[in-house]
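Order of writing sets the labels: A, B and C. Residues in every chain begin at 1.
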Amino acid sequence: MNALVEIRNVSKRFVPRLSLGERIAARLGQPIETRTVHAVDGVSFAIRKGEVLGLVGESGCGKSTLGRVIAGIHPPSAGFVTLDGAPLLGPDGRKRTRRVQMVFQDPFASLDPRIRIGETISEGPIAHGLTTKAEARAYAAQWLAAVGLPADAADRFPHQFSGGQRQRVAIARALAMKPDMLVCDEPVASLDVSIQAQIVNLLLKLRREFGLTMLFISHDLGIVRHISDRIAIMYLGRIVELGPTEAVYAAPAHPYTRALLDSIPKLVTDSETLVSFKPITGELPSPLSPPPGCHFHLRCPFARSECREIVPIRREAGAGRDVACHFPLET
Amino acid sequence: MNDATPLARFWQEFRANRVAVGALIVVVAIMLVALAAPLIAPQNPYDLGTLVLMDARRPPGYVGTKGFTHWLGTDAQGRDLFSAILYGLRISIQIGIIAGGIAFVLGATLGTFAAYFGGRIEALIMRIIDLQLSFPAILLALVLAALLGQGKVPLIAALVTAQYAYFARTAHGAASAERSKDYVEAALSTPLAPARVVFRHILPNCLPPLIVVGTVQIANSIALEATLSFLGLGLPVSEPSLGMLIANGFQYMLSGRYWISIYPGVALIVLIVAINLVGDQIRDQLNPRLRR
Amino acid sequence: MTALLAVSDLATHFATRQGALKAVDGVSFSIAEGEIIGLVGESGSGKSVTGFSILGLIDPPGRIVGGSVKLRGRELVGLPARDLRAIRGREIAMVFQDPSATLNPVLTIGMQMRLALEAHGAVGEADARTRSVEVLARVGIPDAGRRLDAYPHQFSGGMRQRVAIAIALLNRPRLIICDEPTTALDVSIQAQILTEMRDLAREFGTAMIWISHDLATVSSIASRLLVMYAGRIIEEGPVADVLREPRHPYTAGLLASLPANARPGMDLRQIPGSTPSLFDLPPGCAFQPRCERRSDACIVMPELVAVGPARRHRCHHPLAGAQA
């Protein structure tokens, strides 16, 4: 299978801006500590044409930042993203970033409150020549229909819709750009439980209809498992494990993956079960000062001395899987 | 779900405040009267030929030699004060709106672009604006009016320079907040051209605070214009604005001829207070923190 | 067994431009000493407003318009603000989703804990300190003695929530109302806090109302489950029983829609339609427009009927009780 999007050694650093006083002090030779946040730290992987890749991690692990780098919103600090072998940003990047669209977590924030739904959906396609002003209405109606909304929704404003309907609009807006890939950043996390299933089903349907490639970012392991072909687990800016979903869920190779899976409470349907989950010990370290070596060693029950000093390199662990751990679990 | 457009809902809420509705009626009435001044006013106060010196400084209610009643009296040149006030309001409102409008467009564009691009451009624009805000507006306008000379265009230029910074500051604050919202990121990921993102998405969402500043600043520029004219730095004597009318009557105050200064002053106060009351209500409605 | 807290026919409405919004409309339940109940529902179901109403924390335009809340037989509805304050924190404490709702950013943790203790009786500084350190250590804050002098922003999100829980525990309340206390936290931290809360409740015999939208979380901490929809309780029973054999079609639909109950890649079972607006509730059963089992009878609001010793449901056509 060929890769649609390739991410090579991508890093994204945020350097908090220094105040004027600090800058003057730095010029005068005072040692000023610059606290760089390594939101994404040397991440590489490929997304194959037509697959859904789940990206899982806790808050602050950099999954949303990585999604925005792939969608072309933020340029990476180092490394590069390619689409069909050509760099995503760069000469004629505008045409290429069009092919990667994004769906955001909060549909109350991701739709411009002052613009009618129809224009929200059609403005991008008009700017990129996918439709004309004259045909914009029909074009918008076509995509509204694809996400299960009536054509007259185009004349209304976002505040006239419920959360689930807004998320449908956000998906229609992304699809109307005829993307090859959709980056979905926690698309159901802010929706009511009874609505989540509707949106998941919609994404599954759209995937079948349009052969969409998707990066599905979420912290909800249940939904990721349901929708993804492969999953990547991220911890403090690095990918710690990547592989086919069922294989990873059945036998995680990285201690963090295992701990994460164990820590989710499961539905208890018999009164005998008292404990349905097992918490990971310790705190999530601050991304401002991640621990040296393997980022997980402070919380890892299997950590040994090398884990504290040497950053583990991702290597193969079984069919189509790889893991960044010095002492991976049996798979 | 409320199906009304945002504007219709805004009006529904506005209607609930009687004081604001009253103030709005006053503002609209004054504007209409000022606009129709040539039709209503018994005299053209700019046409020196129609002025009768014999009728100078007559008290309110005096019936002049031309046969009509000077309801508000006359000034030192024999001008009918009622007519002069109508024409004065016309000029004041005209200058206030033009100056306020130019300052609005200039300030909002500068502030929004500064917030959109960030970095050095932002730092440069905002430092200049901060510097300017540290001077009192009246001082700046005085200096400019003195430098540029009399006339409408120099006056408007002075008012715009004194006021655009307030708009820029407000626009920058609002746009910085909007800039980080998801819908802007969505527009960037589409991607749309920066000009479209700024003018179609960011700017309209910054309008609420700008409209509030706008109403206050129109009132301010009317007051500022009156002040400059009062000090003799505004419009030429042949086109008396409210400020100049007040200045003209000033020397007669103590001799009991109060009407020459007082009536233009009252007109000015009513206009400015009414605009501010409308502005207050708009601010209350647009401020999310004051909403229930 | 006497009830620690008995809520009956509680109704909390919000006066709005579009009329009265019935956020909570006739809710009745009771909690025994040391019992943990889960209150589950979607946004707008009235679960949080129920929690706030118990403590009298309803601000205008909201108002408790009817019903009663009895704490060990003592009526709380209509009690003067002063008396309510004496009960809050002392007998009933609350933990919020966002710990910054509890914590004052400009005071040290130690100071805030001391103030919380002093609010319910004079304590010496040394005593306050000892007690605070003890409770902080109990909720899993390492090096508690030193951390007393830290400010809230010096703690991570999970640690801040622990501090908020510690403050809730300070006066050994009989009941803690937890409003989505782990929703804003990461999975791994959520699991830690769940375990600790459950152990604490067991150790001190504290009763808890655990408000959440997440069935799995509730099922791992509570023993009894109340499901709310559009301001009313629609189903109640022992957690495991309700989850295994839901009677109300809404509960059944929610359970069926979970990815755990579907084959990966296949469509999830979905409940059609969207959560109703409280301004525009359908006649009768609020769930009826979305319900597969509805009939003409459903335009009349069903009563909450008891089935067996422990279960209640509000439905004209409940599921039989076989596998859902």
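Here is the rule we go by: contacts are C-beta pairs under 8 Å (C-beta built on N, C-alpha and C of every residue); 3 or more make two chains touch, one makes a residue touch a chain.
Predicted, not measured: the structure shown is a model, and the values here were computed from it.
Undergrad: Which chains share more C-beta contacts than any other pair?
TA: More C-beta pairs are in contact between A-C than between any other chains.
Undergrad: Farthest chain from chain A, comparing Cα centres?
TA: In terms of C-alpha centroids, the chain at the greatest distance from chain A is B.
Undergrad: For chain B and chain C, what's the span in angstrom between their mean Cα positions?
TA: 54
Undergrad: Could you please state the distance in Å, as a whole number, between where the Cα atoms of chain A are centred and where those of chain B are centred?
TA: 50
Undergrad: What is the distance, in whole Å, between the centres of chain A and chain C, each centre taken as the mean of its C-alpha atoms?
TA: Distance between chain centres: 31 Å.
Undergrad: When you check chain B against every other chain, which residues touch at least two of them?
TA: In chain B, 1-2 touch at least two other chains.
Undergrad: Which positions of chain A touch chain C when the two form their complex?
TA: On the chain A side, the touching residues are 58-59, 162, 164-165, 192-198, 200-201, 204-205, 219, 221-223, 225-227, 245-246, 259-260, 263-271, 273, 275-281, 283-284, 286.
Undergrad: Would you pull the chain A residues touching chain B in the complex into a rising list?
TA: Touch list, chain A to chain B: 68, 71-73, 94, 97-98, 100-102, 104-106, 109-115, 123-124, 127-128, 156-157, 160, 170, 173, 177.
Undergrad: Flag every residue of chain C that touches chain A in the complex, lowest number first.
TA: Result: residues 42-43, 156, 158-159, 186-192, 194-195, 213-217, 219-220, 238-241, 243-244, 250, 253-255, 257-260, 262, 264-272, 274-275 of chain C touch chain A.
Undergrad: If we count contacts the way the header does, which residues on chain B are in touch with chain A in the complex?
TA: Residues of chain B touching chain A: 1-3, 5-6, 181-183, 185-193, 196, 200-201, 204-205.
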